[in-house]
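Each chain carries a letter (A, B, C and D) given by its place in the written order, and its residues are counted from 1.
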Amino acid sequence: MLLVLKETISGGERDSLKARLASWGAVCAVLKLGGREAWSLQGGMPPVLDCDLLPGVERVIPPGESFFLASRSFHPASTQFSLGTAVAGGNRFLLAAGPCAVESQEQMAICAQAAKAAGAAILRGGSFKPRTSPYSFQGLGAKGLEIHRSAADSHGLLMMSEVLDRQDLPVVSEIADILQVGSRNMQNFPLLKALGQQKKPVLLKRGLAATREEFLLAAEYILAEGNERVMLCERGVRSFDPALRHTLDLGSVVLLKEMTHLPVLVDPSHAAGRRELVLPMARAAAAAGADGLMIEIHPDPANALSDGPQALLPGELATLRADLERILPVTGKSFGGQA
Amino acid sequence: MLLVLKETISGGERDSLKARLASWGAVCAVLKLGGREAWSLQGGMPPVLDCDLLPGVERVIPPGESFFLASRSFHPASTQFSLGTAVAGGNRFLLAAGPCAVESQEQMAICAQAAKAAGAAILRGGSFKPRTSPYSFQGLGAKGLEIHRSAADSHGLLMMSEVLDRQDLPVVSEIADILQVGSRNMQNFPLLKALGQQKKPVLLKRGLAATREEFLLAAEYILAEGNERVMLCERGVRSFDPALRHTLDLGSVVLLKEMTHLPVLVDPSHAAGRRELVLPMARAAAAAGADGLMIEIHPDPANALSDGPQALLPGELATLRADLERILPVTGKSFGGQA
Amino acid sequence: MLLVLKETISGGERDSLKARLASWGAVCAVLKLGGREAWSLQGGMPPVLDCDLLPGVERVIPPGESFFLASRSFHPASTQFSLGTAVAGGNRFLLAAGPCAVESQEQMAICAQAAKAAGAAILRGGSFKPRTSPYSFQGLGAKGLEIHRSAADSHGLLMMSEVLDRQDLPVVSEIADILQVGSRNMQNFPLLKALGQQKKPVLLKRGLAATREEFLLAAEYILAEGNERVMLCERGVRSFDPALRHTLDLGSVVLLKEMTHLPVLVDPSHAAGRRELVLPMARAAAAAGADGLMIEIHPDPANALSDGPQALLPGELATLRADLERILPVTGKSFGGQA
Amino acid sequence: MLLVLKETISGGERDSLKARLASWGAVCAVLKLGGREAWSLQGGMPPVLDCDLLPGVERVIPPGESFFLASRSFHPASTQFSLGTAVAGGNRFLLAAGPCAVESQEQMAICAQAAKAAGAAILRGGSFKPRTSPYSFQGLGAKGLEIHRSAADSHGLLMMSEVLDRQDLPVVSEIADILQVGSRNMQNFPLLKALGQQKKPVLLKRGLAATREEFLLAAEYILAEGNERVMLCERGVRSFDPALRHTLDLGSVVLLKEMTHLPVLVDPSHAAGRRELVLPMARAAAAAGADGLMIEIHPDPANALSDGPQALLPGELATLRADLERILPVTGKSFGGQA
C-alpha cells in the first residue's frame, strides 16, 4: 500500500501519521512519486478507509497495484517527451530504422539514408550484440559506436544503441542518444538502476516471457531512480508454435496503453523473423495504436552478420511509410518532430 | 510423399508406375486432390527426382508437407467462393456480427439491424453453446435457431451458427447458412468429417493451443471429404500472462495466408475478452491482411447470458465499419457482395 | 455461490429460504451434490455470513469455486472406487498398459501378456483413433474392439478404449470396461454429458492447453449427470520448446490432488514422445504421488501404425514395475485389487 | 561445422588443410574443445565426407549441433567434478539447502544446522537479490556474504551465492565457493563470459522461457572461456495456467542428460511457489534422474523477507532426505563426498 502525502503536510501531521502507522505495525519506505513524497507500507496494514482520512495524506494506492510511477492510474495523461529533435508519445508516431548490427561505414550510410528518406527519426544498430551462441558475431564494440554516430549525424538522425550491462553503460551512454535494453536484459536489475541514474532516454524491450506487470515493474526500476524518459517496446513473446519465430502480442499494445502512460513502440522484425511478415505486422501494430515502430533494414540482407532474414530492404521501408500515412489518421497519430 | 497423376495417364503407365513403386517397397493410398488423382506413398520412399521422371506423374509433393488440399503450394491462387449473397476470400472483406448466444427475438432483431447497418453480411449467434462450466447457460437449442433464422431473414443477412457435434449437425445444417466449429472442437474429427460430407460452408476456428499445421490439417479433414468452402478463423491462443484473456496471434494471419489459399478471418472479441480492446484489435487484424472479422455485439452487454464483457454495443460496430473503410485500401481489399 | 441444504430441511424452512433469497434478487438453480440438494445462486448475492445462519442451510460454498462435485473442499476424503477387479484411487496404484492403436490379434495378445506379467490391471488400446492428419491410420473401429475384448478376457484384464464422440458411445460402452476421453476431446461437452448418463467408469485426459480449473470443470460435466467414477489423467501440456513433444506437468499431479478428490493418473508416453524418456518420467510421476500410470507398449514399435517411437517394449514394462515397487512405498501407495 | 584436429597433426597437414578450406571459401575460427584444437567453419561449406578424409582431421561435427563443449555427443561420459568437499555429477547426488535471502546471523545458523543435519553439502542464500519490483527487499549485499560465509564455515558446508552482474562478480567470487546465475540472468552474456574467466564452479539456472538449446548455449559461453565446472539447474518454466507458479519441466531433466554431460540439478522450490508442493516435486525430480536438488528452507517462513511461502521448515528437509534415501537407489545415485 502506498500513501501519497499532501504537498502541504505539516511537521505535526507527519509525526502523528508516523505514530499511527507504527501503532499498526506498519513499516514505511519513503519514495518520490512524480515529485511527490509517498510512503510505501509493509507489515501490519491499516484499513484503507481509515488511512484515507488521515490528515496529511492525499491519496491511498491499494496494495494490488505494484508499479506506481509507470501506472496510468497514477498519471492519467499519456506521457510525451522530447528525444532531441523528435518527440515520443502522445499523438506522435516515431519510426526507428537501421540494421540489427553495425557492420561497416558503407552499410550504415545506406541505412541512414534509407531511414531518413522514409521519415525515420532514429537510426538503430547494435555494436554490443547479445547473441545466443558464443560463436556468433558479437558486434564491433566501441568502433561500431563511432561508425553509428557518424552515420546518424550525417543524416540528422538520433542514434539508438543497445547496452548489455552496467559496465558497458558509460561508453555507450556517452555517445548514443537513446539507450536500448534488449529483451534478454529486461530483468537485469543492476543495469536498470544504472539507467535510471543517468539522463539519456531508454527504450526497454519486453522479455520473451515477461508478463505485462513484470514489464512495467522493470520500467519502474528506471523511473524510480529518476529517469522519466522510458519507452516500452513489444517485440514478440514465446509461444508454442515453432512455425513463427515469436508471437507478436498486439493486444498487449492496447492493454499496456491502458495500464501505463509511457509510450509503447513495436518491433515487428524480431517477432516475425522473416522479411515477408514484417510489413503486414508493422501495419497491424500502427492500427492497434502503437506509438512507434522499430524496423530492421539492411542493404544486403543475404550477407548480414546478424538476423539478415528479417531485415527489410531500404525500398520496402518507403512502402511501409506510405502505408503508415494512410493508417495513422485512424488512431489519431501522426509523424512529426514538435510536441 | 504425394504423386499427382497427369490427367492423361494411360492404363499402361498406371500399371508400370505401380510396379516400380512396389519394387521400392512403397505403399499407396489414392486421394483426390482438387479433382485430380494423387497417390500418397508410405513405406520405402523412391528418390524424388526419379519419381518426377516417371511417365504419368505430373507433380511430386515432398513428404514434409502434410496437408495438401489446404496448401497454397498446391493451389497458389487465393480461394474465393460464394456464401449466398456474400463472397469470401480474394479481395473481398467479410464482416460477421451478432451476439455470443441467441437469447430472444428482441435481442436478435436489434443485433441484426446493427449488423446490417454496419455492412455486415453475416449474423452470428450461438444456440448450442460450448460452456466451460456445466452450470453456465447452454443455449436455447432448436428454438434459438428459429429466432436466429427469422432475424437474419428480416434483414437479408446470412445465418451462421455453431455445431457442437456430429449428432447436432443435421438440425443446424438444415437451417443455418454457415456452420461454425468452435476452437474447443477444432480436432473433433468425426464432426469435421461429417462437415466435409455436407454442402454448407464452414467457419473453422483455431484451437487455443493448435499449431498452424494442426489447424490446416483440421481444415484438410473437411476438404478431403469434398467440401471446398472452408474459412479459417484466428481467435487468440493461450499464453502465459493472465492479464489478457488470450493472445491474438496476428502474425498467424500473415503466415496462414502464405501457407494456405483459404480465407482467414479474425475474431478479436474472444481474444480480447473486454470491449475496450476489441476495436483496436479489429483494426489491427484488418491491417494485417485478414479476409474478414467476426465481432460480438449485444444491445445490453451487462445482462448478456454469455460473454457480455467482450460484446460491442451496436453503435461501436458502426465506428469499426468507418475505421475499416480507411484501412482496407492499404491491403487491397474491400467490402462487397460480388466476386 | 452454492447453498447446500440440510438433509433435515423442512418445507417451511425451504419456503422461508426461497423468500429471503428472492428478496435479495438472487435466482436459484437446483443441483444434486453427492446426493444432497444444493441451490446455485446467481444475480443479487446475499452476504455469506447471513446465509450461513439461515435455517435449513448446512453449508455455503463461495462463488470463486466453480466446480463443486469434483472439489476436495466439498469432499475432503480421496475417492476410491472399484473398476471390476481393480481399484482406483486412495492408497492403490493402477497400471494400464497396451498399444496406442489396436492393430491385430497377435499384437494384442503379446501386449496383454506383457501387461499382465507386469501387474497391470488394464489393457488399453484405441480402435477409434483421433489423428491429426486425415491421411493417418484411423483405427480398426468395431473390429478392433472385438480383438481388444478378446485379448483382455484371455488375460483377466480390464478393457479401456477411447470414445471419439457421442454417436460412437453406444458401440464402445457396450463392450469396453473403461471409457477414455482423449485430450483433444476434453471439452467435447455433448460427449461428456453422455458419459455422465451411462454407468461405465471414465478416464478423462487433460487438454493440451487446459487449465486445471477447466480440467476439473470438464470432469464436473460427467459428475453432474450422475456418473461418479471419473479418473483424471495428466498427459503433458503444450510448451514453447519443440525439443520435447509435450511438457509433462507433474506439479499438476500434486496440485490436482489438492484441488480434487478424484484419482489422478499420468500418461508419460504421450508427453515424452520417445521411448527413452518414458521410464524416468513414469518413475517421477509415481514419486510425485500419482494414483496410476498409463503406458504405451508395442511388440514391434518400428512397425507400429501409430505412435511407435514412444512405445515401450514388453520387457521394459517389467523394469518399470520393479522400479515402481521401490518408489511407491514412499508415497504410501501400493498395487492391488481390493479396496 | 566444426573440425576437431588430431593431436598428431603436423605443420604441413595444417597448412594443407587451411589451403583446401580457403579454396572452398570457408572461414575458420579456432576453438579449444576439451583441450583439443578445433576449427569452426563459416561461409562456403565443404562436403562433410571429403572433410572427414582430410589428413590431420580427427572428427567432423555437423553444423546443426550448435553447442560443442556442453554436448554429450562430443563428451559421451557424464562429467563429474569436485566442489571442495563435495562431488557433482556422475553417480553422486548433491543437496543444496538454505533460505532465499540471507537475512541475519541467527537465521543462517538455524538453516546451516538443518542443512547439515539433512546431509546437504551446500548452504545456499542470496545477498544480492534480483527482485521483480524495485520496492522489494534487495538483499543485504556484502554484509550478507559475510554472514553466509561464517554460517557455512561453522557447519562445514560449501557457500553458494548469486551474482547479478559482471560488476558484482569480484566481491562474490572472492568469498563464495559456488556462484549461482539466476534464471533472469541466463542470457546475461557479459556475466557468463566473466564467469568463464574465473575458477569458481557455477550453477546456471534455466531461464523462464529458455529452450534447452538456449540453456546449453548459455553454458557454452562459460565453458568456452575455460571454466569446466558448470552445473545446470531446472527451476520451472512459464506456462499458461496461473494456478501453479511455474511448470517444473522434469522431462527436461531427462532430455538434458541426453543432450549434455554436465550435471543437472533441480530447484523445486521456485517452481512450486508453495511449501506443500515442494516435497513431492523434489521426490519426482530425484526419481527422474536429477543429479541434485536445491531446496529453500527458512526457520520462520511467515516472516521471511523473500519467497517465504515456498520455504520448507527445517524439519521437512529431514523428511525429504529420508525419502531420497529410498528413491535414489532406483536411479543408481547416492549421496557422498568422494568421486
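By our rule, a residue touches a chain if its C-beta (ideal position, glycine included) is under 8 Å from a C-beta of that chain, and two chains touch if they have at least 3 such contacts.
In this text the structure is predicted, and so the values were computed from the model without any measurement.
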Notebook entry, point to check: Once you count every C-beta pair in contact for both, which comes out on top, A-B or B-C?
Noted result: A-B
Note to self: Which chain has its C-alpha centroid farthest away from the centroid of chain D?
What the structure shows: B
Checklist line | Euclidean distance of C-alpha centroids - chain B vs chain C, Å | finding: 32
Check: Counting in whole Å, what is the centre-to-centre distance of chain A and chain B, each centre being its mean C-alpha position?
Finding: 37
Item checked: Residue list for chain A, restricted to those that touch at least two other chains -> 209, 238-240, 242
Note to self: Help me check something: in the complex, which residues belonging to chain C touch chain B?
What the structure shows: 29, 31, 40, 66-67, 130-135, 164-168, 184-185, 187-191, 193, 207-209, 214, 217, 220-221, 224, 238
Check: Quick one: in the complex, what on chain A touches chain C?
Finding: 209, 238-240, 242
Next item on the list: Can you check the complex and tell me which residues of chain B touch chain A?
Entry: 209, 211-213, 236-237, 239-244, 247-255, 258, 271-272, 276-277, 280-281, 283-289, 323, 326-327, 329-331
